[in-house]
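The structure is given below, and queries will be raised subsequently.
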Amino acid sequence: MKFDVVIIGGGLAGLTCGIRLQKNGVKCAVISAGQSALHFSSGSFDLLNKLPDGSDVDCPVEAAGKLDALHPYKKIGELLGFYADEAKSQLIGCGVDVVGEAGANTYRITPMGTLRPTWLTMSDFTAFPDGNSLSGKKLLIVNIAGFLDFNTKFIADSFESRGAECRIVAVSLPETERLRLSPTEMRAPNIARALEPETVLAALLSEIKSRSEWADCVVLPAVFGLSDLAPLDYMRSVIGKKVCLVPTMPPSVPGIRTQLVLRRAFERMGGVFMLGDSVAKADLKNGEIAAIYTENHGDYGIKAHCYVLATGSYFSKGLVARPDSVVEPVFGCDVDYEKKRADWYDSSFFARQGYMRFGVVTDDCFRAVKNGKALANLYAAGSVLCGFDALQQGCGAGVSMLSALYVADKIMKG
Amino acid sequence: MSANGKSDGYDVIIIGGGATGAGTARDCSLRGLRVLLIERFDFAAGATGRNHGLLHSGARYAVTDKESASECIKENMILRRIAKHCVEENDGLFITLPEDDLGYQATFVKSCQAAGIDAEIIDPELAKRMEPSVNPSIIGAVKVPDGSVDPFRLTLANVLDAKAHGAKVLVYHEVTAMIKEGDRVVGVTVVDRKTKASHNYYAPLTINAGGIWGHGIAAMAGAKVDMYPAKGSLLIFGHRVNNIVLNRCRKPANADILVPGDTICLIGTTSSHVGFDEVDDMRVTPDEVDLLLSEGEKLAPALATTRILRAYAGVRPLVASDDDPTGRNISRGIVLLDHEKRDGIPGFVTITGGKLMTYRLMAEWATDLACKKLGVDKPCVTMTEPLPGSRDEDEMPKGKSFIVKNPIRKSLEGRHGELSSKIPSGNEYDASLVCECEDVTVGEVKYALSELDVNNMVDLRRRTRVGMGTCQGELCACRAAGMLAEAHDCTKKAKDNLANFLNERWKGVYPIAWGDALRENEYAEWVYSGVCGMKQNDLR
Amino acid sequence: MNIQQVNISENNFEQCIKCTICTVYCPVVPVNPDYPGPKQAGPDGERLRLKRGEFFDESLKYCLNCKRCEVACPSGVKIGDIIQLARIKYGKKKPKLRDVMLANTDFVGSVATKLAPVVNASLALKPVKLAMDGILKIDAHRTFPKYSSQTFESWYKKNAAYKQQSYKNQFSFFHGCYVNYNYPQLGKDFVKVMNAIGYGVNLLDEEKCCGVALVSNGLINQARRQAELNIKNIRKSVLEKGCPIVGVSSTCVFTMRDEYPHLLGVDNADVRDGINLATRFIYHLIDECGVKLKFRDGIKMKIAYHTPCHMEKLGWAYYSASLLRMIPGVELQMLDSQCCGIAGTYGFKKENYPVSQGIGASLFRQIENSGADFVATDCETCKWQIEMSTSKKVMHPVSVLAEALDVEETIKANAK
């Protein structure tokens, strides 16, 4: 099999890169070892929320200049704002409806009911301009009876601390009650699926409507629209007052939809998406990748002019931690990590963890380095990269999309 | 009744909610004494819950300490009867590796038999068939009646029975002073750790069952008990590699016991002296992890590639008898100190030393002494009277239950025995799972919250195994916190609890955080620090 | 420290980090609340079963063995294998007569073929269907695949065998039960295509049903015996004669490549790469070996391709789709990859019928709305299910190729 570009990794970075290339007529294949971390999406995409010194960021584009030299944004440099806008318009173009600007962070709502800074927010959710938006509001928090991954008490507590008045109710329908027969499978996507038929959704909404007279705003778990936005639009039109969705514990319905929508966009443009496959070995010749071989395709090699390593971090095994080292398992690229295991961790769960910023070393244009030398046709993008802490700095989605777009452009410019 | 007439109606105050304290509370209340049990944190939060969970046959001590060995085998047989829901009758093997002296085997077996332990030399080939995970290069094997015991369940069962017989139990209450009249101890000053309120309790007798912390409690009464804090570290593996306890047939050393217990197995221990300033926050070092792994692999080679769930350490409450720096040659024997005789402090007794296996015997001794002092003449029945949870099987639930799946039903029954009939399961909500790794239902959490003295999520874990499974709380912590908010009607506290619970889990994970353990934690970080937006200052 | 470099024992379930992704992609969970779902039935349950076998639950039988959980899993956990192995190891329920009949596709097939007109007629009769429904618990809605009056093997021996040695390249065709007893035409189509590109078609010395239905119905010992016999004959072909094995059914091929070693413990490592699927084999010949296909003029068809579960697991739908796209005038739509609900013999059982149709509902809707002339797929049981549940006919990609092929031109193009 021959392609122009083979992208290893089918998450946010891999698909962002693939879509940009394929849109420009570059024939791509994405090889994805299982589904991606988009399945745990918060419903928002962060660009930059905090600097390494812990100070808050209001304007990510300006603040990026103050990052460490190793941070991927430093390689993108002045084009950061440009690529941030490109990322946003590409998402919207593919059908992922988002709001937000790289010049000013807004606030997203968390499953705990707290507000956290972010860049782009999916239209399922509300992007709050500041923390005072809830003050004085009457909020009706509605759960689906029996759903354990939506913590109404926590949410009410957080909202009340911001000056809102909250009431909690639970609603049920025969279709959602049926899910409860299983002790475990009443999960967000299964609820979303049960609510897919319009008659079911209509019944639920009329139940909610009948109980929401008192409220200014109805708060619901994000269990609507597993494959498209239609149920959300319908819901908003029926309830007739402000609806504020709150993300659930994983799996994330908006995240799953985003994965699906991006994959469909990529395939519609002619891209080939190979799910459930992983690279078993690679042929390296003269400092370049000549071919790769996967578990599924066995001895039938896959060849391309360029390869993109978008395999993610530990979760998706883009990085593998051993007791004494951290390695990149596909090509054996150089990984930047602390040599002493004790330096990988902080003893507090919520503190900055050293291992978070380990990753693959690249040259100035994100070509992966192996044995100290950049490979000519292997680029790296997304959370496999070194030099940033996606959680403490709040920059995971931004690094994924911006580095992916940057790499796509590098490949096209040759 | 104290000397000047103050009384709360208690005959005896017991300090310490470990197995010994709980066992003593049970024995005292079964003999008709009015008991107050005081625990600084939670039941089984100290050394009781931080060991192998090995139902010793006594074989391990047979060569070096015959007295301990014969105590062990007697208690072993008793626990099989009275605490069957806490015990797994797994059997044990003492294996000889090529690097070990096979000559030791004969001495070992002879010593076992002398102590009354049924030790049988078996063909190494048979041993390999009985326990396929064992190191295939073994040159000798001895079968002994080892097993495993769940220390949390055991302690709780003693508490439940003590309460059923009238004992009052205070958890999260710390003894800050002894109230004395002259030399006599007449009561204790206790601070409620949650409200910070202080209260005095009086009784003619106070029993110190504080384990390693008993050193400080004795000091408050003016007595000196020389304790020897010996740290032991252990590793928990993600699933059961072995079904028979594996020991090395040699003089006790580091990491030479691999115990299967419930869903996991664990290897231990190391042994090192620590200062009293460290005993409240034991952490496992990378060197200890490496040592446990390299030695553990010799018992069962699969450990070299098996996922580790967490590392933890406990402090053995050894009573120092000589200056051996390893702490291994001190007798595990029971130490009962009548401070009236020993130090001229009437009204005060210390029960210490010993081990989890002999908690019941320790309780019996302490209670015998208490009865003597209080003039009560009633025999001990704890060697025959089954604990709650280990009683008649006929009392199993009969009403309509929504729990239909084997794994869930058997998990509940396994943890609570006949008391599982008290677990609500009559609707879908109560039957749904909070913890999917260990199959803990909403009903079980409700039961624990309402009946089992649960103050926070860490307590809940000890009662139910919430968060003890593969994900170490990543999936269930948030659900359990929600239920805690509901039950205690305090969301603020539940949120703090969630943060602290995650941090407490991480404490055990980071010493072994590589491979899938690190992947699991990265995912947990994404969910809680990322999606949920929890922060360092959520920790309180 | 060189231990714990690979943090994984043979107990692959412990790679599960409880991310719950598999639960999103299980086709059974949304329609059957009695099924514990892949996470609970698989890695979660396995950990408990290692404690004691009594933690096994019979509801694991609701697993379709579609492996979509495995395809979705980011951790590489063999969830489907874990569930099926647990059924093999701990399942106590004996297979019913009905299950034995459904599972023995080749025995039943060989009898039915001899009596084809009678069998076909009676299987279509209402009273017979109701009797099967009532007594055997085979759902009355089911349309039984018709039995052919001549097996593929006997057709081949009479009409094709004699000329196969004249081709310069040779391979062995694993025809499977469906081609042999129900639809020999697919086998004939395959011979036509392969002969046109210069490949001689051989049969194995002896071929038994791959055993997929035996495995799912709990007849493990029989499945293992058949697997061993097949692998023995495959070895003879691949290793001694240098003839690779090619099948047209994605399920047979998947079973022989992956289920033999994983579920039945039949080692095939030396020949696994030599067991191939027709579309993949042909694609590779075109892609790497200079083989060319020439097609008739004036073809105009709109095809919707359905990816069978085992094809999704193999990751090979790309080959079938690419071949179909090579035909000028074909407009190909890839249907969303989702389970059709039949899962071999699963959907034939009365107790599974509503679940089976519930699983397939979304696929059937997409097919009806596709505007396609027909559906193409590489699996025969998917074909039955889709033909029964929609208004569309279903064809195998090889049959589509055969129909569109300009045989003369193809022979010429490959003669050089």
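A few comments on the model shown:
Order of writing sets the chain letters: A, B and C. Residues in each chain are counted from 1.
Simple rule for what comes next: contacts are C-beta pairs under 8 Å (C-beta built on N, C-alpha and C of every residue); 3 or more make two chains touch, one makes a residue touch a chain.
Please read these numbers as outputs of a predicted model, since none were measured by experiment.
Comparing per-chain C-alpha centres with the mean over every protein C-alpha atom, the closest match is chain A. Two chain pairs, B-C and A-B, are weighed by contacting C-beta pairs, with A-B ahead. Chain A and chain C have centres, each the mean of its CA atoms, that are 35 Å apart.
Chain C has its Cα centroid 53 Å from the Cα centroid of chain B. Inter-chain spacing, taken between the CA centroids of chain A and chain B, is 42 Å.
Looking at chain B, one finds that residues 290, 405, 436, 475, 514-515, 519, 523 touch two or more other chains. Under the contact definition stated at the top, the residues of chain A that touch 2 or more other chains are 37, 40, 180-181, 183-184, 250, 315, 317, 322-323.
Across the assembly, chain C contributes 1, 3-4, 7, 17, 19-20, 36, 39-40, 75 as residues in contact with two or more other chains.
On the chain B side of its complex with chain A, the touching residues are 283, 286, 290, 403, 405, 408, 428-429, 431-434, 436, 441-442, 475, 478-479, 481-482, 485-486, 491-492, 494-495, 499, 502-503, 505-507, 510, 513-515, 518-519, 522-523, 525-536, 538-539. By the touch criterion given at the top, residues 37, 40-42, 110-112, 114-116, 145-146, 148-149, 151-154, 156-157, 177, 180-181, 183-184, 186, 247, 249-250, 252, 313-315, 317, 320-323, 341-342, 344-345, 347-351, 353, 355-356, 390-391, 396 of chain A touch chain B in their complex. In the complex of the two chains, the chain B residues touching chain C come out as 238-241, 262-263, 290, 293-294, 297, 302, 304-308, 405-407, 410-411, 436-437, 439, 469-471, 474-475, 514-517, 519-520, 523. For chain C in complex with chain A, the residues that touch the partner chain are 1, 3-5, 7, 17, 19-21, 23-25, 29-30, 33-37, 39-40, 70-76, 273, 280, 284, 287-288, 312-316, 318, 334. Of all residues in chain C, only 1, 3-4, 6-9, 11, 13-20, 36, 39-40, 43-48, 50-52, 54-59, 75 touch chain B in the complex they form.
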